Structures are given as structure tokens and as C-alpha cells.
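In the two complexes that follow, chain A is the common piece, with chain B as its partner first and chain C second.
Showing the complex of A and B:
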């Protein structure tokens, strides 16, 4: 249903601006979907999501510009390396309680930014990497829109499937009542690591999308600030919902355009919005709307009364 | 000589982190909330201080009082407007609420003061003190002194005064405290105000040493948090110890490795510390949930 809309959209609008916003929407949806996996399903507050986003982007950019490899290889590289790094980070950290995990992941995003700036040989420092190739077979903006959304939709469906599978149920149980889950024989540690790595890989792929679309990246694109915004926006959309990722992405992509009118007060208002939503709609806007309409995409809760 | 100098610069940074951590812990002790907006409060206070002293020419002492007061007010507002009314706060919600508040305050700072760096001249003028061939500027002594005074004050406050004891009681068992007639809501409010005030002091004292600008908001709270964790979460002395240890750790890794990689080293140490001794060096008084 939604896919049809996406399919039609590029043929309705010729307008470059709308297409570009729509494309970013696709990238952001994937990105936030990753966070939904980590926070909503894994129950792990990760303030480092921006770092993995950036990592994926940098991996493919470096492979592309320094080693002259095709973006498709860049995808594989981004996927694998992001996954490996996420795995290394995840194993010691998923055991940590909420606050500490948030702290460690926040530190991670600072480190990524610092590394991006300092490792000039590899990353081009503050100036970043330019002239990244676009996808070889896509030439128009419309084409880009479709390709990026194709990838995103694939992962949306994949997530849907995962959530309704054994892993999804295990994660639900773990998130709700960890001790009971452990006693039931669920390997809590393993599932949490899986959720984390999965979410980070999504972010890495979103980074790949970004790099080859914008053809220019720098550490400023991937600041700790971004990680905070991602968490806030993810929660706004609703971290327990797959559809929430889309809502969150809508907010993240569209609101800055809207807030630009306020000039200097942009961040202030955004911060206030975040606080208000976190206070009064902790389940996210999507839940709020679902309770009103009951029509959005949402994951099934099999055992709820 | 470099060794001693490294130690001294560690003390300089360490004193900053200690002060920030103490402020963070005060709020945490009373409310079990890690206030991610603490860094923003710190920067806010320092910005006000700079404006009062540099732009309006008000005396340092008076500006100090006003700025710390403003910080305390901000802290109280945070508690009253944001923490308290939050419906059914899960851990994630609280993290995001305070992060959002921090972002809002940062936005406020950006709106009012823009994106430039601001600085103050040191409060104690004079030559640097030279000890064992390494120098330390007098401002640092002021910071350490203030940290000491604040810690002593807090110690006395918690142990000797009724309101301090009430705060401790609330932390140990909020329900019981309320049964005993303690107004938990008032304690919560006051602890946030106190925490913000200490944060304000930290921000003001720091400014002559490092510049202040809006993008330090998250940075400070991260450092404060790390310091608390290393030293022992919830423990005032732990916060101080952790702060100095963090300062030294950074200083040595920056001096002998490189300043970029010092961040990574700290991060690794943090992970190892959390893994091996999650309650910190001096032990944590965190409740188990």
C-alpha cells in the first residue's frame, strides 16, 4: 500500500526539491529503523547511532575514492565493517544498565567524530571526502529516489519479519522482564547483541546511501548531536513500532525545513518539542495516532490481551 | 619535568571534571536521574557570567552571585517543569527528556549568544606558581579550593542539617521518607537547584581556563558522568576522585600518546572499568532495581 505510493511519487513530482527531500526521507527512515531495532526491540538506549551511520558512510567513501572500488563493493564493505565494529562494541556493553550504556554510546559518538577529524590521511579530516561516485547505473534524481527507497523498503520488510519471528518474541520478553526471560531459557545476551549489531548495520547502510547520494561527507555530518537527535526523533515516532521509524524520519527530515523560518531559535524549539513529546507521549506519536485511528503499520503483539 | 607538568595539567582538568561530577551527583542522589542537561546549565551560567563581567562591567563577585543564582533557578525550572510532570517515566524517557532539555537550553544559548567562543580573564591574577619545575596557574588552585569547600559544605549539609538529612532519606527510600513526613517533591526541587548551582560554579570557574561555547554542553556532562562512574556513582568523594583520575588519565595519554587518541584510551578505560568494577572505585550507593 505504502509501496505503491512510493512507486507513484517520483512520477508525480518532477520537482527536484521534493524528490531530494523524499530521498533523504528514505535514507533517514532506514537510519531510524536501525535505532528502533536497537532501542525499541533490544531495549538498549544507544546514543551512538550517528557514529555507525558515519562509519558506514566513511567506509564506502574511502573504498570508493582511495581504492577506486565500485559503490556496490562499498555496500558490502560498509555492511561488514559496521557489523564487525558493532559486534566488538556490543559484546562488552550490552550487559550494562541503561544509563551506563547511554554514556558509553555517547562517548562512542564523540570518539567517532574525533577520529574523523584527526585521521586526516584516511578520512580527510575536517574537510571530509569529496567526489564520491554516484551509483553507476542510476543517473536521474528519480532513479535515486527509487533505488534508495527500494533498499529501505527491503529492510522495512525484513524488520517486520524479524519482529514477528522467534527473535522478535525473545527480544520482547527480554525487554519487558529480563529475569523471567533468562529463566525461560532465552539467551538474553546473545539476542541483545544481535539486535544491536542489526540496528547498527542498518545505520551503516543508510550511511552508504548517504555517501553515494550526496557525494560528499565530513565529520560534521555525523556529530554526537546527530545521535541525540536520532534518539529523540526515534522516540517521537515510537520506538516499538516499525512504522514509527517512518514517522520519526518524517519529523527529522521535514521539521528542520519548517523550523528554518525561526532562524536562531531552531534548536531551542526543537529541544522543547523533544521534551514535550518525551513527557506526554512517551510511546511516540505513532502510538498516539494508533490509539486514535488504528490503521498504521505496526508489529503484532501476539500474547497481549 | 614533563612528567610533573603532565601531572599538573591533569590536576587542572581533573579539578574541572571533579566539580562537574559533584554537581551531577547531587541531583542523581536525590532523584535517581542522570541530568543530561547539566552540561547545558554549566555553559549557561558561564555565558551569563561572561556577559555580566565583560559586557556590562559588573564586579566579579556580584556577577558570580547572579550567575550561580540564575543557574540554580534554571535547575529548579527543569525539575518543576520537566522532571516532575513527566508521565510514567521510563529510563529511556528520562534520558531523552533531559537530553531534550539540554538541547533546548543549548538552543537558547545559541539564540542569545551565538556560536562564538567566550572567555574570561582569570580571577586571581598573578604569575603562575612553579613547583618542581612545572607551572600551574593560580586559577586552578581556586578551582581545587572551591571543590574542597563545596565538598566539605555538602558533607556537613547532608549530615548535620535537617534538609540535608531529608535529601539522604529520600534517596535511600523515597516512600518511607514520605511516610515520615518529608516532602519528597520539595527535596527533589531543591536538589536540582543545588546541583545546578554547583554546576554554575563549575562553569564560571572553568571559563578562564578553557573557552566556553554552546557545543560544550554535551561534552561536559559526558566527562562528569565518566568521572562519577570511575570514582563511584552516587558518592560525592567518588565524584571528586573520579574527576581527578580522569584528568590525569587524559593528561598522560595526551602527553605520551597523542591528544586525539587520549579520548579513545579514556573510552577503553571506561569500558574496562564498567566491566570489572561497575560500582566505581569508592563504591556506589546506587539502588539496585
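Showing the complex of A and C:
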């Protein structure tokens, strides 16, 4: 599965439009990958993913514009601070039963948006932050495409490793049969927290990517609406496999472009698609495709059992 | 006298007004097979839950000791590394994971790679995965499921799932293995295979505590039997003595299951 990724990627195209879409695809893939780790593997419904996305974006933007620090330091900041906040939130909340966790994270997305709007001194309020620097040595759109994808592919690889290892097994076990997992020595709480923090850090880094690519952010980019869309699109893509992040990102990034031609019907068609996928491909598009292709191609078994 | 491996001392626990267990004390000697029998509701599964740490310390009275040290300090997920494994009355395997993955989970507490190691797939992770993968294959061989190693657990027949759960429990290399009605749902042939497996496990130095209703199994392989009723100990002794014990006979009087 993974070799297919490396094969498909970068290069080609000069066209600015395609590069731009492709770059956003890279950002969104990382973002949804975070949700895959939290929901698909951690088994924790998070309706606040957009908040961590925004948090990472704001941290690096503030460090960059207010303190004149380089985007690279912004990365470290975004990573660490998002991780710390995720940790603080995760520890008391992973114990909650599904619905309550979803509510808490939904609340988080509202809190974040509100803070973004109200803390004008820090965040620039509703107008957001402008004139964020681009990465120091990257000048072309192509360069951006490559850098963003390099980062995303790195984390895709990391996630792939995690999933096919002791930690991945522990997460799967926790999701399927918590009591049996505990009896086997798995500290269920700890692993859930780890999955949550990991996923949120991915979101934070995607936020960093976004901030330095678009060079402008505002609370409007990170609404609760986005958090919900992320969940929907993540589940569409298949929340339990790494490839699902890419498929979900494809849906999220490309479909709106295709549907633009239909004008007002865009949302309607999008909604119909979601319903159809939920009905006929409950495990997500990716699983559906793998099962379909499995009849023609024998996929190489990943190195775990 | 040699110290017992497991020592339950004066444990009492109530739920609402119901005294599930009253002042229960018993020992399990090292490398022996101890049976626990009694009618439904006698408190057999409850005492397992106490031993496995599923209740908060203030919910029950008394104490449980493993090789002399109290288990009350350990969290429930620390039982595995503490040397106690368990299988469940209603089998709890991981349905969407393969048979071999199920066994590898059992060895989780013996592995040590963490999220960082796993993420970069360093040599520690790779070596560990290989060692435990191969070990799991051997366990599967022991229970006769080697050819089905890559089958999803939910696609295995029920009897195989029960054996798989035992293999998972053994994979943690416990000192004590607690089995809650391992023969439940098994036919005579499967029970025979189970008896052989349990004796083999005892041969590896593991102590067994078996809650069972299947008298054939209990009378055949146990060294000692604890009889419980209404949360209390009725008697505790050798199978031959239990069979002749009048109180025990009274409890089972009228039941089809013959204890002789």
C-alpha cells in the first residue's frame, strides 16, 4: 500500500493552479491523517480537530509576526504547544464514553474559534494575522509543493510504522475489546492519550504548513464547521487505514473544485455523496477500493503479521 | 511449609445489599491446578474480578497476595506484568485481528518498544517484532492453530477461539493462569483436548486456577477443589474428598451433573 504512495508522488506539472491544489492536498492529508490516528486507531471521536489545526497555525504565525522568529522555530513551537495542549485535554477526557468525548471536543472547537476572535491583541481578532513569512529557502510554487509533501509523507511513513507495530496492535486491541486488552497488560488510558496527542500534533503541523503557505490566517479558517467536515471526510476516506487520509483529503480538496461548476448544487451533491458512501461503503472508500482491487492485484503484506 | 503462590485472605464484597462474597479465604499452591466449583451466583466470577483488580480498594475487604506481596497496589493492567493472566467465561478475543496478532497481544507486557521506537521502526522494534512473531507461531502450534495463524479471529470456530484466548494468556508467561469456564460450549472431544492442553501448561511450571461447571474436567485434572456457595467457602480439599463430602452433595442434589 505504501509503495504506491511514494510512486505516485510529486513532480510533474508547472501549472500554478494544479500545484496549488496539490499543495493543499498535502496539507489536508496530514490533517486528516491526524484524525485517522485519533478516531480510527485511538477509537476516540474528536469533533475538535479543526481547533488543533488552527492552534498550530496561530502559534507559528504569532511567533513569526510578533516575535520575528523563523518558520522553523515556528514548527517547533507549533509541535510542542499543540502537543502540550492536547495532552492536558486528553488526560481527563479519554476516560469519557464516546458521546461525551465528542461533545467535549466539539466544545473545544467553539472555544478555539471564540478565543481566536476575541483575543485581538494576540490573534488579530476576526481579521486574523497577515504577512506571515514563507519558508526561508523556498521560492517557487513547485518548491512549496515538494516541501509540504515531504513533511506529509514523513508523517505518513511514521504512522504506517506505528500502526504495524506493538503500539498499533495495542490500539487495535483497546478499540476492539478493552477488558481483554487490559488483562494483557495494556494501559488503555495511556495509549488513548498517546493516540490523541499524536493526532493533534499532526493537525498542529498541518496548521504550520497552512500558515506559511497561505501567509494569512483568520478564525474563519478554523471553524467548528471544519471540524465536523473533517470527521465526515475522514470517515468517507476510511478512518481505519493510513491511505484513508489521502482519500479523504482528495475528497475534501478536489470535490469542491469539481462541483464548483454546479454552483448552488455543490453542497447538495456533496451531501448525497456522503450518504451514499455511508450506506454502501461503511468502512470508507479506501477499504472498498482495496477489497475491489484485491481481486486483481495481490497486495504485498506489510511487515507485521 | 512452602508459601502458596496465591493467597486470598478474608475477602468480602457486597453489591447493593447483596453479599456477593463473605469472608472468603483460600490458597493456591505453586504449580498445582486448583478448581473452583459452585452453583451459579456463588461468587466465583466475582472473586476472579477481585483478584484481577477490577474493584476499587475501598469496595472490598480483605486482601489478595501473590507470592507474598499484596496485589492491591497494582492497577488492573499491571496484573499481566505481575504474573497473572486470565481467560473469560464469554471469550474475549480480538475479532478483527488475526490469530497470531491475538497471541502477540498476550506478549505485550513482555515487549518494551514505545511509540518513538515504533514510529521510526528502529532495530529494537524490528528485532522485537521478529522474536515475538516467531514465538507466537510456536504458541499457535501448541494449540493446533498454526495453519490458521493469519485467519481473522472472528472467523475461527468457537472452540478454537477459546484455545486462542488461552494461548494469548500463556504468551504473557504468567505465574498464575485463571480460567473462567474454559470448557463452556465445548463438546467431549474438545474437552479432552483442553485437558491435555491444561496439563501441558502445568508442565511448563504455570499454576492454574479453574472455575468450571464441567465436573468431568474438574475431577480429572485438578489437585485441589474449592467449593463455593452463596459467596462463602463450603469446603476446600482433594477431588476424592469433595466427591464424598455431604454438604457438597447436598448442593448438587437433584442436578443431572453427577459429581461421582
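Definition applied: the second predicted complex is superposed on the first by the 283 of 305 C-alpha atoms of A that agree within 3 Å, B and C clash if a C-alpha of one lies under 4 Å from a C-alpha of the other, contacts with A are read in each partner's own complex, and residues count from 1 in each chain.
Following the convention adopted for this analysis, a contact is a pair of C-beta atoms (placed from the backbone, for glycine too) under 8 Å apart; a residue touches a chain by one contact, two chains touch by 3 or more.
Not measured: the values here are computed from a predicted model.
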Query raised in the report: With both structures lined up on chain A, is it a clash or a fit for chain B and chain C?
Result: fit
Report task. Give the angle at the C-alpha centre of chain A formed by the C-alpha centres of chain B and chain C in the superposed arrangement, rounded to the nearest 10 degrees. Result -> 80
Query raised in the report: With the two structures laid over each other on chain A, which partner does A:99 touch: chain B (first), chain C (second), both, or neither?
Result: first
Requested in this report: Would you mind checking which one, chain B or chain C, touches more residues on chain A?
Outcome: B
Query raised in the report: First (chain B), second (chain C), both or neither: which does A:269 touch?
Result: first
Query raised in the report: Regarding the shared-chain residue A:115, is it in contact with chain B (first), chain C (second), both, or neither?
Result: first
Requested in this report: State the minimum pairwise Cα distance, in Å, between chain B and chain C in the overlaid complexes.
Outcome: 14
Requested in this report: Would you pull the chain A residues touching chain C in the complex into a rising list?
Outcome: 158-159, 161-162, 165-170, 172-173, 176-177, 179-188, 194, 198, 303-305
Query - chain B residues within the chain A interface of the complex - result: 34, 82, 85-93, 95-97, 99-108, 110-111, 114, 215, 218-219, 222, 225-226, 229, 260, 263-264, 266-267, 270-271, 274-275, 278, 289
Query - Complex interface listing, chain C residues touching chain A - result: 52, 75-81, 85-86, 88, 92-98, 100-101, 104-106, 108-109, 111, 113-115, 118-121, 125, 128-129, 133, 136, 149-150, 165, 168-169, 172
Report summary line: Listed in rising order, chain A residues that touch chain B in their complex are 39, 45, 47, 92-93, 95-100, 102-104, 106-108, 110-111, 114-115, 117-119, 224-225, 228-229, 231-232, 235, 239, 264-275, 278-280, 282
